[in-house]
Amino acid sequence: MADSSTNMRLRLPLLCIILEVILIILFGVLVEYNHDTDAKKWNENGTHTAHEYQNEFYYRYPSFQDVHVMIFVGFGFLMTFLQRYGFSSVGFNFLIAAFSLQWATLMQGFFHGMDHGKIHVGVESMINADFCTGSVLISFGALLGKTSPVQMLVMAVFEVTLFAVNEYILLTLLGANDAGGSMTIHTFGAYFGLVVSRVLYRPTLEKSKHRNSSVYHSDLFAMIGTIYLWMYWPSFNSAITKYGDPQHRTAMNTYYSLASCTLATFAFSSLLSHDGKLDMVHIQNAALAGGVAVGTAGEMMLTPAGSMIVGFLAGTISVLGYKYLSPILEKKLKIQDTCGVHNLHGMPGVLGAVVGAVTACLGSKEVYGDGLKKVFADSESASWSASNQGGMQALSLAVTLGMALFGGLLTGLILKIPIYGAPEDTHCFEDGLYWELPGEEEDHTELTEVATQNEVEKLNS
Amino acid sequence: MADSSTNMRLRLPLLCIILEVILIILFGVLVEYNHDTDAKKWNENGTHTAHEYQNEFYYRYPSFQDVHVMIFVGFGFLMTFLQRYGFSSVGFNFLIAAFSLQWATLMQGFFHGMDHGKIHVGVESMINADFCTGSVLISFGALLGKTSPVQMLVMAVFEVTLFAVNEYILLTLLGANDAGGSMTIHTFGAYFGLVVSRVLYRPTLEKSKHRNSSVYHSDLFAMIGTIYLWMYWPSFNSAITKYGDPQHRTAMNTYYSLASCTLATFAFSSLLSHDGKLDMVHIQNAALAGGVAVGTAGEMMLTPAGSMIVGFLAGTISVLGYKYLSPILEKKLKIQDTCGVHNLHGMPGVLGAVVGAVTACLGSKEVYGDGLKKVFADSESASWSASNQGGMQALSLAVTLGMALFGGLLTGLILKIPIYGAPEDTHCFEDGLYWELPGEEEDHTELTEVATQNEVEKLNS
Amino acid sequence: MADSSTNMRLRLPLLCIILEVILIILFGVLVEYNHDTDAKKWNENGTHTAHEYQNEFYYRYPSFQDVHVMIFVGFGFLMTFLQRYGFSSVGFNFLIAAFSLQWATLMQGFFHGMDHGKIHVGVESMINADFCTGSVLISFGALLGKTSPVQMLVMAVFEVTLFAVNEYILLTLLGANDAGGSMTIHTFGAYFGLVVSRVLYRPTLEKSKHRNSSVYHSDLFAMIGTIYLWMYWPSFNSAITKYGDPQHRTAMNTYYSLASCTLATFAFSSLLSHDGKLDMVHIQNAALAGGVAVGTAGEMMLTPAGSMIVGFLAGTISVLGYKYLSPILEKKLKIQDTCGVHNLHGMPGVLGAVVGAVTACLGSKEVYGDGLKKVFADSESASWSASNQGGMQALSLAVTLGMALFGGLLTGLILKIPIYGAPEDTHCFEDGLYWELPGEEEDHTELTEVATQNEVEKLNS
C-alpha cells in the first residue's frame, strides 16, 4: 500500500482545490439560508409572529460552539499523544474536519429533505455537519499515523456520504432516536474505520513501533483533548434534541454518566495495570466512554442513577477493551487500531444503542406525560408502541453495523490503490513525511557576552 | 505519614468502586429530575404556561459550561506547573472532581431542601455541585504532590459534606449572599486545605525540593489553566445569581475586577522580583485574585470602579503573600502550601467577604429600586435592614473560618493514618509513583536509510 | 532604539500603577451601569415591560465569552510559536489586553455617545472593548519579540484612542457596516503595527535570528491559539450584529468561509513549500484569514457559496503573502513583521472591506425584505441607496488606512525614544530579559535508592 513517494506537492493541492471548487459550485446551486437565517424570510410580515429570542440561534448556538470545540480541539488534541505525530494529528484533523463539514452539509441536506430543490441551512445544519465530521474523525483515529492526508480526504468523501445514507435510514425511515449519535456517529465511525484499517493491514508495522507511543509532554497535550471532550459532551448529546426539557435532561444525564465513567476508568486502570499504576491511555480515552454510551438514551427518562450505571459499565468495558481486546484484534483479526477507537467508540456505541433500545421499550405516557411526543416523534400515531420503538432502535443498530462494514470495506479497497502517498511501514507515525519540521533549539552561545554560563545553561534547558 | 508502599492496586480501585456503588444507590433512591428537566412535569397541562425558552436551561447552561471548564481545565492545568507532576495534576484533579460533583449533588440536595423525600436536580444543581468541587480542588492545591489519590478521595468525602453544612448555615440560616463563593468556596477551601496541610506537615520535604518547581513547558501548560480561569470567572460569579440584571451585573463587575487585578499583579511582581523580572508564579495565580475578591459583592451595586479597586487590592495582597507570607507560613507555622492557595484563595476570599459585608451595608431601596429583593432575598421582610445584612455577612465569614479550621483538623487527622499510600518525603511531586510513565523519545536511527543525518538531528530535537 | 538597560523594576510597576489609578478615577467619575445591568433601572415599574429573558445578557454573553477566549487564549497562544518567547507571548498578551479593555471602555464610551455625561456599560461594551483590544494585539503580533512590555502599554494607550476615533468616523459619521471589524479591527491593527515596526526598524535583527523560529512543542502550543481563533470566529463576527437573523446568518457565513479557507491554505502551503511538505506557519495563520475576510460582509446576504469563495481567496492570498510578500516587505520596505500580520490581518482585512463594499452595493429590499433595516440602519431614510452604502464602505477603508498609517507613524516615533527598556538586537525573541526563567529539569539522582537505573532514565526523559 505504501507508495514509491510520499511527496504531496501535486496530489494534496489538486485534491483540495478540486474538492473545494465542487463544493462551492454545489453550494451555489443548492444551498440557501433557512427561515431563521434569511433576512427576508425571518422578517416577513404576516408569518413573523416570533420574537427575536425565538430564533433557533439562541437555543442551539451555544451547544454548537461546544460541539465545534470537541471536533477541532477535542479530537485534534486527543490524538497528539503520539510523540512525533502532533502536527499531523491536529493538522490533518483540522483539514479533514473543514472538508467534511462542508460535504456533510450537502449530503445531509440532500437526504434529509430538500424544499423546492434547495437545501436550507441554519445552526442545526451546522451541528449536524459537525456530528457527521465527528464520525470521520473517529475513523481517522483508527488509521492515525498510517495514512496520507490525501487518503483521509478520499475516505471522508465516501464516509460522509454513507453516514448521511445511514442517518437517513435510521432517523427517517426507521423513526429511531439517536440524538447523541451512539449509533450514527460512534458505532458507524468506529466500525467503518476498523474495517478500513483491516483492509489496509500493514504486516510489518512493528518497524515503526518505536514511534507509536507517547512522551511526557505529548500525553499532556492529549489530555487537553480528553478534558474538552469530557466537559462538552453534555452539549454534544443535547445539541439537537427538542427544545426545553429534552435538551436539559440530556445534558444532565450525560454529565452524570461521564462522572461515573471516570471513577470506573480510574478503578479498572489501576486494577489491571502494572504495579497498580494508572495508564494514561485509559484515562485519556475510557473516561469518555460514558458520553458515547448515553448518546441514544440520554434524551429519554433514563434517570440520573440509570445514567450513572450506564457510564460505569461503559468505562469498565472500555478499559477492559484496551487491556485485553485490542491486542487480540491486532494479532488475530489483523486490525491495527492506533487510538483504540473500538474501545472508546465501538463497544460503548453498541452499548449505547442497546441501552437506547431498552429505555425506549419502557417509554410510556405514564412516565413522559405530554412530553412523550417530544422524545418519540411518532408516538402520537395510533400504530406506535414503546416496544415497536425499541425494535426499531435495535434494527437501527444492525443497519448501522452493516453499513459501516460494507462502507468500510468498499472505502478500504479504494484507499488501497497505491496512488495516495501513504507512508512506508518504516515511516509511520512520523510528522516529517508531510510537514516541514522546525529545527532543534539553538544553543544561544551568542548570549555569553551578557549572561553567565549558568544562565546559558538555564536558557538551553 | 508515608506508607511502606505507595502501590494503589487494591486501595484505589476498591475505594472508587465502593464510592460509585454507594453513589448510584443513593441517587437511585433519592434523586429525581426537577420540573424543568422532567418530561412529564415540564409538559403538564395547566401548570405549563411557560414557553420553552423559559426553561432554566437557557438561562444557566452556558454559564454552567464555563464553570465546568474552570473546574476541569482551569484547576487541572493550573497545577501542571510542576515539572514532573503534570499527569497527577490534571489526572487526579479529574478524578477528585468527577467524584465530588456526584457526592455534592447529594449533600447539597440533602441540606438545601428535599421535597417529599426527594432531591430534584437540574442545571442549577449541576452548577452548585461544580462549585463545591471547586472548593475541594482548592484544598488539593495546598496538598499537591504530597498526597495519594486515595487520600484525596477520602478528603473529598469529608470536605464536600462540611461544605454543604457550611453553605446551608450561610445561605439558609444566616441569609447571607455569596453567589460567587468568596466565603463558601474560596475561604472555606483554602483554610480547610491549609489546616490539612499543617496536620500532614512533612519536616523533611526539602528532600523533594528539586522537583517542587517548574520547567519552561510546564509553566506554559499552567498558563492554559490560568487564562481559562481568568476568562470564565465572570460566568462563575454570575452562574447562580437571579435572572436578568444581577447575572449581567455580576459578570461585568468580575470582568473589571480581573482586568484591574492583572495590572496590579504585573506591577508588584516586577517591583518585588529579582532584577525587576516577572515571576510566572505571580502571573499564574495572583492575576486571578480579582475574581475571588468580588465573589460576594459582585452581584451587588459595587459599581465598575468599585470592582476595579477591589481587584487591584486583591492582586496586590496576593503577590505580597507569595513573596513574603508563604515562606513565613512554611517556616513558622509549618504549613506547606504547594500552590499558594492562601495567596490566591485564602486572603482574597477573606477580602471578598469583607467587601461583601461592607457593600451589603450600603444596600438600599434608593440604590437598588425594585431590584433590591432580587439581590437580598429577605429585603421584603419588615425586620430586614442593610446593616443587619452586613452583620450576617460578617458572621458568615467567621462561621466559614471556624468550619474550615475544624473540618480541616478532623480531616487531616483522618488522612494521617498511614494506610492511604502517601509518598515518602523523598518522592513527593513525582508522577512516577502513581502513573506508568512513557519512555523517552526514540532516536530514530532507522530513518537513516532515507533521511540525511541533518534531518535525523532535526527529528530528534 | 535599544536601551542601556532592559530592567523593568521601576518602569513597568510605575506605568501599570499610574495607568490603573487613572482608569479607576475615570471609571469612578464617568462610568455607570446601563439599563440592563442596573438593579434600579432594569426593575423599574412602568418602563419595565421586558421579561428577564429579554435582558441583553442572554443574547450576547455567550458570544462575549467566545470573543474573550479568542483575545486571551487565541491571540496569546498563537504567538507562543517562538521557541523562547512563550512566557512573553502569552504573558504580555495578557497584560496588554487587560489594560486595553479598560481603556477601550472609556474611549469607545466617550466617542460612541455619552448620556448625561456618563458612559453606560453592559455586555455590548464588554464585547466592543475586547474588539478594540484585538486590534492592539494584532499590532503586538507585528512587533513580537522586539519590544518591551512598557513600550507595548504605551502603544496601547495611543492605539486604543485612535481606534475609537476611527471606529466613530466609520460607524457613526460614515454609517458604514463593519460588525466583524474587517476594517476597524484587522486592517487598522495590522497597518498600525506594520508602520510602528517600520519606524522601529532594526537593521541588525539577524543577530537574534536563531531565536526567531519555532520548535516542535512551541508549534503545538501555537496550534491551541489557532484552533480557538478558528472555532470561535463565527461568534466574533456575529457578536454585535442585530438580534435574530443577522446574528444567525453572520455566524454561519463565517463558518463556511473558514472551512473553505482551510482547504485553500493546505492546498497552497503544500504547493509552494519545499518538497510539497506543509508549513506550520501557513496552517497556524492563513487558515484564519477566512474569518477576517467576511468581517464586514458576514452580516449581509453574502450566501454560503459567496462566503466560501471569499474564504478561499483569503486563504490563498494569505499563503502567497507569507511565501512571497513578507520577505520583500522585510528587505525592501524594512518592515519586520514577526507574526506576519500583514498576511493574516492586513491583506485579508482589505479584501474583507472590498467584499463588504461590493456586497453592500447589492443590498436591496428585494433581497432583504423587511430585514434590510436591521443590516443597514440608515436604509429607512429616503436618501439611502445601496450604491451610496457601498461608497461609504469604500471610503471607510481609505479612512482606516489613513488613520492606521498616521497613528502608527506618530506612535512609532514616540516608542522610538530610548527610555522603555527595549531589547538589544542581539537579545530579541528572548524571555530571559523580562522573566525569571525556571531552571532545567533536575536529574533526580536521589531517586536511585528506590528506582532502578532504567526507571531513572525514564524519569529524566
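Chains here go by letter, A, B and C, matching the order in which they are written, and residues are numbered from 1 within each.
The definition used in the following text is that a residue touches a chain if its C-beta (ideal position, glycine included) is under 8 Å from a C-beta of that chain, and two chains touch if they have at least 3 such contacts.
The shown structure was predicted, so the numbers you read here are calculated from the model rather than taken from an experiment.
Student: Which other chains touch subunit A while also touching subunit B?
Tutor: Touching subunit A and subunit B alike, sorted by label: C.
Student: Please decide if copies subunit A and subunit C contact each other with the same set of residue positions, more than half shared, or with different positions, and reply same or different.
Tutor: Shared-number fraction below one half, so different.
Student: I'd like the Å distance between the centres of subunit A and subunit C, where a centre is the mean of that chain's Cα atoms.
Tutor: That pair's centroid distance is 31 Å.
Student: Mind pulling the residue numbers of subunit C that touch at least two other chains?
Tutor: Correct list: 53, 58, 62, 215-217, 224, 437-441, 461.
Student: Please name which positions on subunit A make contact with subunit C in the complex.
Tutor: By the definition above, subunit A touches subunit C via 7-10, 12-14, 16-17, 19-20, 23-25, 27-28, 31-33, 36-45, 48, 52-53, 55-58, 61-62, 65, 68-69, 72-73, 76-77, 80, 86-87, 90-91, 94-95, 98-99, 101-102, 121-123, 126, 149, 215-217, 221, 224, 433-442, 444, 446-447, 449-451, 455, 457-461.
Student: Would you tell me which residues of subunit C are touching subunit A in their complex?
Tutor: My answer: residues 53-54, 58-59, 62, 66, 83-84, 207, 210-211, 213-220, 223-224, 227-228, 230-232, 234-235, 243-249, 251-252, 255-256, 258-260, 262-264, 266-268, 270-271, 273-280, 283, 287, 301, 303-305, 308-309, 312, 367-372, 374-375, 426-427, 430, 432, 437-441, 461.
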